[in-house]
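Think of it as A, B, C and D in the order they're written, each chain with its own count starting at 1.
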Amino acid sequence: METEVKDQLVSIEKPELVAPPNWEPVIMGILCNWCSYAGSDLTGTSRIQYPPNIRIIRVPCSSRVDPWFLIKSLQTTADGVLVSGCHPGDCHYITGNYFARRRFLVTKKLLNFVGFHENRIQFSWVSAAEGPKFAKVVNKVTEDIKKLGPLHLYKKENFDKK
Amino acid sequence: MARVGVFVCFCGANIADYVDVPQVVEEVKRIKEVKYAIEYKYMCSDPGQGMIRDAIVQYKLTSIVVAACSPRMHEKTFRKALSDAGMNPYLLEVANIREHSSWVHQKDKKAATEKAMDLCRMAVAKSIANEQLHEISVPVTKRALVIGGGIAGIQAALDIADARIPVVLVEKSPSIGGKMAQLDETFPTLDCAQCILTPKMVDVASHPYIELIPYAEVLELQGFVGNYKVKIKKKASYVNFKTCTGCGACWQKCPVKVPNEYNMGIDKRKAIYTPFPQAVPNKPVIDAEHCTMLTKGKCGICAKVCLPGAIDYKMQDEIIEREIGAVVVATGYDMWDPAPYEEYGVGRFKDIITSLEFERMVSANGPTNGVPQRPSDGKVPKNVVFIKCVGSRDEAKGIEYCSKICCMYTTKHTILLHHKVHDSHAYVFYMDIRAAGKGYEEFVKKAQVDTGTTYLRGRVSKIYKKGDKLMVRGEDAQIGQVVEVEADLVVLATAVSAPKDNPELARLLGISYDKYGYLSEAHPKLRPVETAKAGIFLAGCTQAPKDIPETVSQASACAAKVCGLFAGDTMKKDPMVSTINNEYCSGCQNCVKVCPYGAIVTDEVPIGHGSKELRTVAKINEGVCQGCGSCVAICRSMAINLAGFTDPQIINEIVSI
Amino acid sequence: MITLGSQGKNTFLEDVNKKSGANVLECYQCGKCVSTCPVSQYMDFPPREIMQMIKLGLRNESYMANSHWFCLTCSACSGRCPREIDIPAVMEAVRHLAIEENYINDSKKVKEIRKFHEIFLDMIKRYGRNYELRMMAEFNIRTRNLFKDMHLAPKALLKGKIPLGVKPLKSAKAIKRMYEVAERLEKNK
Amino acid sequence: MKKLTYFPGCSAHGTSEEFDSTLKLVLKTLDVVLEDIPDWNCCGATSAHVMTENLAYALPMRNLVLAEKLENTTMGIACASCYQRMKVTKVHMDENPELAKRINTTVVEEGTYQGKVDVKSMLQYFYEDIGVETIREKVTKSLAGLKVACYYGCLLTRPKNITNFDSPEYPVSMDQICEALGATATEFDYKTECCGASFSISNTEVVLNLSGQILAMAKESGAHAIVVACPLCQSNLDMRQPDIEKQQGVKYDIPVFYITQLMALAFGNPIDQLKFPKHIVPVEGALANIGKIEPVAEKVKKPIKAVEAESEVK
């Protein structure tokens, strides 16, 4: 009796989870409209090259960024998130980025606690004039995430089908 | 079911060279909501916009995605295109595939293309959740408040009033005119300050659109841009301006003598007084501090001699309330008190005076009838030493900054001295001569040549008394020698400092001020007349030291801003503001705390339908809300949403990759 | 003529700032110190010029100037400096650097001033306290100017202005040791 | 009865012996007992900090450490120069414990520096701890009629952040004390100009020039005498006065009193205890202004005794 059960158990095989072949990280960049987004535009107009892994979402102010957005991103497609706002004191909405900073630190603690590496969630100040800095930031984040490897693993056969 | 139209732009070669546009189009077509997708050379061009308009009609599209340059570039353009086609402009989304893809991934076309696809998907996803939004229109009270009746306030008031907009002009002293009314002549043209100022003062008094409230101060300001309520305290003047004829019998007879502020205390005025002959309004007020009738109940002469019986010792302060739409702050500046300069013997030596005192002396209507005198013995000074940067550029004893006007007014003073006392000689101790301005350097040169003034480059280190002379010691760095000048009179070019009650005013207006007490502009370069608070503007020295031409231009700039604000009956406002769903609001009021604009207040609503009991919820004043979204993120019960950036929209973006 | 730009990094400025704790770069050459300084007229370069020389990195010129030897540390200048620069500290820094790097200014006056201070310290080293007469005498001898102030001597002695007695401090040893340790500190700094 | 730790300073046994002795008279009247720092040493004066950094701290440090052995919380110092060296050291040590530790190594035997003793000049002590009013009360022989120029010199009020006493530009403490004694303080603009200080011997011409200006300004202000609280200033203005007069070809004869001498006089001490004969410039002329006082005793004690007596104290 017991043995049978055992065999059955053995016969259940765990699906092998793997990263997509030639995996490239996906990074969700949430930028405030007045500083960082403008900064990223400047990076473009000054043709400064950076890795293509980042996907940019525009929000009015970093204080609009709900922790939910970070969690959702990591939960679905993103391997890492970058939130960027105005420099402290330069916030278009006077104090927004201070709230953002505090809220972000808490969120980060939480995500670290549940097991996300701290580099998967990053925060930076980029002003509308700091095109080059934005490129630097993206480079760094992308490298960090590449080091950490993929966050989402899939059943092997998913890829075989394709 | 949403019907999205996607328009991908080549932007000439800018996008097309690095992103495979047709492939992008193919890709987006695979999204089921996308009913129409097409690429074009220049979407922003007229034909491009035309395509959008036509497609909207032809395919009954419910939202539009334009994949092109940054939304900061052409969002408005395309929104217009939508509304032209009778579609709500806020149903547009822009995928930024130029700045964010083609231009920054020029070495890797494949990756750039894939990214462009993702960006498009995100935009499509977001646009599906877009809602129709309508510009908010806020009612405006078309009346402006001007605080301060100096040249800045006068100019602003006149310019606004000339645009047929009512103005309330509040001045704290009994007459308008401010510092400029104390000046004799003005640099660099040497025209008489009185002659150019007094006509303006009269205009203010007689202007049908200006309500002048002298001898008053602002107590409180409530509301928001276009809809402020102001409380003004009108100090009791103890003289009924309606019946007073301004004959002057009262102050001629008044027995009480008080140091005369207008003349920097060089001579005396009476306890009932008009600050100066050309005062506007030209009605006397009683100085309650010194009037013996008001302090001890003795005297009452003025009442006796006043034929119209305008004197009223019982008069009380009155509170005036006005509804206004905009505020111009023009509280001017204070003269810095040189007391900390002990090494100069300030306070010990009578014959050391400040520049404004000198200005009064050389002024024709001044206490010495235009001829400078030594306060100690009334002699006419022959050797006059002018010391610049007293308080300015002196972190130790004064203020870090350069007061900007001292170089020029000192130059003017040397000329005036030369005019009034022909056999006099002026010595100027300076560190730099800062004559940046139209005709300024020429003015300085002319002064130096005409008056033969001796310029000595160095800061004065000590002044001491020798007989009835003042010995002024300083280095002349030009020759590297210490020099001592035997002076009859020493004039200190004292610094310009912020009005001492500016911080208090700033607090009650809800605007910010810098470490010196000057009121802060919204942007040092591009928004020098606005404050961070919408509808409040700055004119003149209250923002930073400046000379008369600059002050006047800033005042007129304020007027232009106010007129712009009042251009329509209502103010159009971007609809991307927060909205609250009372059903969800738990009334925790976290949003109230985080809102930088105080746009959120609490409100009472019935617990349930038709119930009597009330519960607290947050209420957003969309007139004030600037749409930062702080409240949305802080809201635990997700009762708040920010139009244009709602949670569904952003989450859609996130999950669409 | 001075050629600038060739000497590269201005190490002199750094040294002075480090030693003095002041920041010479703050000086904006207003000259208030010069007219304040009671002895600026005796200096090769008044304080303002020294400040500029430090900014220009003119190490030797500053060391060889007598200015820092003439400075009386009366602190009048620093009290009036609009940028609150501790000018006496700067002067002292230059002097100490000059001493450490053995720059000898052999003008008569500077020699005498330096000699005086050396003798003074020597006195203290020997007796723990200073005894004017002994010092004056030594000074006159060492500066080969035997009769300096002799005209004062009779009066001064008569009036008991200057005591003849020389009585070493009980714990002169302590002082000697102090000197040694201090010297060691100077060296390994 | 008040107690006060006392640092006489080298000159107290020499050039400024009268300062020291009159100070003691005054404090007797004010009921203050002095406790000399046992086996104190020279503060290093100007020379120490001119030549070296550490020694300039080490010498005063020793005295500060020794002073902490006595339980008084304040140290009074007669000589302005000693006062300043001591105060500078104290302030710098308190600001920078690291430095304090390093300097302390030079005087380990004496003990570790704790910085619990405050340093005050005698003038400051009179002004802040005794108080002008108390002084006024003690006056028995008013100095009315005597016009004095109060000369503070560099070290009593400067640098402000070190001394933080009175004004560095136009101090008034001494003036107020003199007024309390009945004398009139003239408006004297050279109160804080330097007298040439340590150049007295090494660079006399400077002293003659600077002190000369001060004398001239004092005369200008209409003073009969100058009042000081600094031995070096006194000797420069007094001992060098004949030379100055010779050099400038002017006759000043302005006696230079120590504030304590005038206080002792006003407190009614017999005049022969006030050491006036030690002055190079005769004082009689000036003192004539305060009316009749007992004749000055001619005999001057042998100073050498004083020295031994002093250095043996306790």
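Convention: a contact is a pair of C-beta atoms (placed from the backbone, for glycine too) under 8 Å apart; a residue touches a chain by one contact, two chains touch by 3 or more.
Keep in mind it's a predicted model, so treat the numbers as computed, not measured.
**Student:** Hey, which pair has more contacts between C-betas, B-D or C-D?
**Tutor:** C-D
**Student:** Suppose each chain is reduced to the average of its Cα coordinates; what separation in Å results between subunit A and subunit C?
**Tutor:** 64
**Student:** If you average the Cα atoms of subunit B and of subunit C to get two centres, how far apart are those centres in Å?
**Tutor:** About 54 Å, centre to centre.
**Student:** Compute the distance, rounded to whole Å, between the mean C-alpha positions of subunit C and subunit D.
**Tutor:** Taking the average C-alpha coordinate of subunit C and of subunit D, the gap between them is 23 Å.
**Student:** Spell out, as numbers or ranges, the residues of subunit A touching 2 or more other chains.
**Tutor:** Where subunit A is concerned, no single residue meets two or more other chains.
**Student:** Show the residues in subunit D shared as contacts by 2 or more other chains, in ascending order.
**Tutor:** 168-169, in rising order.
**Student:** Of all residues in subunit B, which are in touch with two or more distinct other chains?
**Tutor:** Residues 343, 462 of subunit B each touch two or more of the other chains.
**Student:** Applying that definition of touch, give me each pair of chains that meets it.
**Tutor:** Pairs of chains that touch one another: A-B, B-C, B-D, C-D.
**Student:** Which of the residues in subunit A end up touching subunit B in this complex?
**Tutor:** Result: residues 26, 28, 33, 37-38, 40-41, 43-45, 47-50, 52, 55-61, 63-69, 72-73, 76-78, 92-96, 99, 103, 135 of subunit A touch subunit B.
**Student:** Can you list the residues on subunit B that touch subunit D in the complex?
**Tutor:** Within the complex, subunit B touches subunit D at residues 342-343, 345, 348, 462, 464-466.
**Student:** Which bits of subunit B are touching subunit C when the two form their complex?
**Tutor:** Against subunit C, subunit B makes touches at 343, 389, 393-398, 431, 457-462, 473-477, 480, 482-483.
**Student:** In their shared complex, at which residues does subunit C touch subunit D?
**Tutor:** 38-39, 42, 70, 72-76, 78-79, 86, 92, 95-96, 99, 109, 112-118, 120-121, 123-124, 128-133, 135-136, 139, 148-149, 152, 155-156, 159-165, 167, 169-171, 174-175, 177-179, 181-182, 185-186
**Student:** Which stretch or stretches of subunit D touch subunit C in the complex?
**Tutor:** 10-11, 13-15, 17, 39, 41-42, 44-55, 58-59, 62, 102-103, 105-107, 109-110, 154-155, 158-160, 168-169, 192-194, 196-199, 201-204, 206, 210, 235, 239, 277-280, 300-304, 306-308, 311
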